[in-house]
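In the two complexes that follow, chain A is the common piece, with chain B as its partner first and chain C second.
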Partner chain A sequence: MEETIQDPFVLRRYVVLATKNLRRRPVRTGLTVAGVALAVTVAVSLGGFMLGYRGAIDKSIKMLGYQVMIMAKGCPYEAATMMLKGGTGLLYLPGDTYQQVKSDPDIENITPIFVGVVEKQASSIRDEGAASNFTIISGIDVPSFLVMKPWLGFKQGPGYANGRWFTPGSKDEVVLGFEAAEYEQRKVGDSFYASITPAGKPNPVMYQFTVVGVLERTGTQDDGTVFLPIDATREYFNRPNQLTILGIKLKEFSSFKMREFETRWLKLPEVQVVGLQQVKNTLVNLVATAQTMIAAVAAIAVIVALIGVINTILMSVYERTAEIGIMKALGARRGSIFQLIWLETLMVCFVGALVGSAMAVIGAGLVETAIKGLADLGVSGSIVQITPALVGYTVLVAVVLGFFAGLYPAWCAASMRPVEAIGKGG
Partner chain B sequence: MKSVVVFMMFAVLAMPQQAFAAIGCTLSNPAEDLKYLYPEMTTYKEDLNEFPLLKDGTELFRALRERLGSDLDPIYETYETPYTVYSVFKGQQKIGVVHGVNVPGKGGVIQVFLSMDPQTGEIRRFFFQRLESPAARQLRSKEFLSQFEGLTLGDFYKHDYYATVDPGAKADKVAAITPPVFEVSGRPDYEASLRGIRKNLILVDFFVYGKKFEPYFERAKQATEKAKARKE
Partner chain C sequence: MPDTIIEAHGLKRYYYRGSETVKALDGVDLSIRTGEIVSILGPSGSGKTTLINLLSCLDAPTEGTLMMAGQSVAGLSEDELVEVRRGVLGFVFQQFSLLPTLTVSENVELPLMFLRRRTDARRTAEVLRMVGLSDRASHLPRELSGGQMQRVAIARALIVDPKILVADEPTGNLDKATGESIIALFKHLAADKGLAILITTHNPVFGYETDRAITLEDGRIVKEENLRKER
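So, the complex of A and B:
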């Protein structure tokens, strides 16, 4: 009866023999495995980035609290950035937009927000070229804002105890986001200076506020924001009847309802209605080109690695011509030779895929830092997410590609005639 | 291979912690800023100093508090706070030392930077990187800032000494500094700035000059203790 590779005992012998063959040229085998590993590292990292980035967008959007935003007409990219990063160079809505929209029957909750940008007094040794720093001030209506973002909580512990929102009617109290407090090194009870340039005025006016609370870290733009009561903020910025955003949660959030809502309110001449899906699509499109290019590089890396594998196994086959001839002369069948060479290819690809996946997992932090260092992608949180499923899928693809890469060398080896092979090899 | 794996593991594990680390004070654009301060600079080096990583870190941190003469902020001036010292080179020659510290101001953080002579420890230039204050314009004025040029940590310790044994002594260079004219609301930031200069000089004395100004501190300390004993 012919031995088959499905038999575990036979398979073990094949694996031992294939390993022995591969170890004959450890440097060559090692370099080939390294080539596969690098290609897999790139592929897994890219896959992790694609997964993680979409996840980060979803999380950032969810943490906004609202599903729809009404804002002044302008660039959709600016709208997307404003939703996720706070945004600068702001356009304003007439204040009565809030009164008009809030009676819409499809709205579950609505919160008006006034965003203002405060230029920090910058200084450096190069006074003439000093870079300016900005602080984002969000004027909010606390009750409706908290309905949208119920997870906002105050930091506790020494220096932060008794954090709270503003007392009604207060104009000189601020609540700082986690990073804003760290950046300004403020604690609850400290003073906080902000120089605000009122609309229509040439020079900023410095105001002194009291920090009444520091928020817990949320991983969103709220961390870097300074919160003030909305009416006071509008007064400081000399825009008493204007708003920046209306954040809206609909009773039923579906494409149909969203379109209906949009149609109803686009009749207002100065507004645009931006939904979550639009923002998500905008942000995904922003990085889609870069992702395609990286995917192309990854594909080239995979092709180069596969050529390397084919080359290595072919060289190995040609070096062992005489040996294969003797094996066949002693009774080895074509199928056995084919399976042996094929197995060597699969082993190179499998080990390379495992090593590459491990490198990708270990290097995920570095990749994330590099990507964030190269470009501001408009989201916070982790943007590289390497899951077990992704690793498993990549290893499987590598093995399948190895399956095809091994066909030609295995066929060459299996097709050798014993006498010719012994003659050539001898 | 093992060391590569260990390095990569360290990088992965260390990175998330950075987000929660204490905040240090670094130049916004070190290469440009240092070139501006030292046009002849050819290269510079950054040395990160952290008390927990120093052999005598606990003792140094205690010494900082004692020499500063005021409490350190328990949240923003902690034992874990990192300090970056910039060494400026012209070829092989070290031509300057630059160091900055954060100090809490009345309405926000104040970043006090000093550039110093690498041999003598004298202040070459004093500047703010961040300062939000009603007195900002006055504190940033060249007239005020230039008064600190040529001073060392020794002069601040001598000031402590003279304040005890001979108030108003002509040799007290620190007492001779004229505060700028500003509204009362600017006073806390003026005082915070002076505290920042002193804190900066003490730290650089620890990290760079090997505590060369300690004798002046000891003398001031003894004088203070004697004066205290006399009172009692």
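So, the complex of A and C:
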């Protein structure tokens, strides 16, 4: 009988043999895979954070509706945070700034915003701690604000029907963002109480407002905001001629136009012009150091894991010295032994990468909660975004690193002389 | 008249340890024919294993000529020796050397993977039947006795249809009855398949069961007995 039919699927048999070899020492193999998995979890989580954070910034900027913000001079980080999430370190622009800037020929739309911090009264049962009793109020000019954010709509359903913006001249109506309403457990027609300390006055004054609308979820800072008419807000804060922000949309938004616009309006005293790219850079810089440190930790974890892989496979090779000699005697070429040991290394790295990626996906929520708990990054929405491409890329990198990690053990095994290797087993 | 399949002249294997030269094999002339079973006897350190390593192309001689199945192997590199081994030689070792995670049939088929040959269940069953282990194909080595493991090793050697079977102390780890059954199997394979079989053994009882017994001492052949005629 002829037995010389070539097997085109011989690689599959090498994979089966490599798998069985790895299963001979399940604890050792498991620990090595766990080391790789841990390193990959850190790497994928970090990648997800980098990706998600930039995505969150981009989304937040896009959902602002305006590309440029004019505000009082101050800390650039505070400015960036203010732009995207609101803030408490409030500085105010002179009231005539709006009149001066709105005549600029490059402006397509402009909206004035007055931001203030109020103390909630008779709030929901969820409030536990003094810090949570404060909320940010945005005083807005509804027509120009809606030109910037045409997607804003009112939540529907029982208790939310007939949501609307303020009636002209109203002073006691509020519109709540989606999360603000959920947090306060308020619906349309409910009351909302807040204490405001007017500028120059020692004591706060309590006001009762009526909720006239609850906005649909937007995934931006608007979800957590309480909106009031701008004139009423300025009056309550005793700052009738002041503003916090001018949100601006230019007719043509380019670096050149932005520089021109900035140059024109930086001549005003106490004013800073902040563009979205600047905001983005500021926020990215805010976490860049932390990201670099985490990346360094991830790199160290990857190096340690690779050393663990090399060590495990080398131990396995030396334990199987006689066996490798026998395989050579049975007809295995150097390349066959190299391929077998190399496959074992690649499989450890591949499985470790899959497990690590799964752990990163499962733990993404925890990572997000932990990061948000540690620092206010100035953006709303999800900041850890683990995509299939990220997972695929990380698995590929792990396998490529395994490719290199496997070279030395595979070379050691392939270089064994059969007569000596068999003798060592004896 | 059977063909000569192994022919060695003036075979030497020296090892150098500093200034000392160890003459493991010091001028051996030998020829082995198809279908012949030859035993190599001798005390420890006599050069048995060195000789069998050379005759099985696992090692290269320091001096001398060696023809395997009509091909000269003297001076070949390790990679070239692999090519000579593949498909010509089958090996059986004293310690069985089965892979513990593979079943009996997977162990038997292992050499085919290295030769990139497709496995054939009928062929595997055939060699297992030859060694009397048809009912153990799916067992793991740890589920077998020593004699059964050695039979698996013989089946693994046979799967590639070798011309020469080299067995280094194949009965060394077996009891007398099992050892006799292995020798009987070798005789059957030599007669039935025309295999040339080369055996090293410490045990003269098994050695004298073969066609020819060669006794080594200090790396030289000191006695060569043709036993086929005597039996």
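Heads up, the rule we're going with is that the second predicted complex is superposed on the first by the 404 of 426 C-alpha atoms of A that agree within 3 Å, B and C clash if a C-alpha of one lies under 4 Å from a C-alpha of the other, contacts with A are read in each partner's own complex, and residues count from 1 in each chain.
Methods note: contacts are C-beta pairs under 8 Å (C-beta built on N, C-alpha and C of every residue); 3 or more make two chains touch, one makes a residue touch a chain.
What you see is a predicted model; the values in this text were computed from it and never measured.
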Touched partner set for A:K120, first chain B, second chain C, both or neither: first
Contacts of A:R23 with chain B and chain C, given as first, second, both or neither: second
Partner chain in contact with A:S191 - chain B first, chain C second, else both or neither: first
Chain B versus chain C as contact partner of A:V395, first or second or both or neither: neither
First, second, both or neither for A:L176, with chain B first and chain C second: neither
Chain A contact footprint on chain C (complex, rising order): 53, 56, 58-59, 78-79, 82, 85-87, 91, 93-95, 97, 99-102, 110-120, 122-123, 156, 159-161
Residue ranges of chain A in contact with chain B within the complex: 120-127, 131, 133, 158-159, 182-187, 190-195, 206, 208, 362-366, 369
Residue ranges of chain B in contact with chain A within the complex: 5, 8-9, 11-12, 15-16, 23, 28-29, 32-33, 36-37, 73-76, 102, 104, 106-109, 113, 125, 127-134, 136, 140, 185
Chain A residues within the chain C interface of the complex: 1, 3-7, 10, 13-14, 17, 20-21, 23-24, 322-323, 326-334, 336, 417-419, 422, 425-426
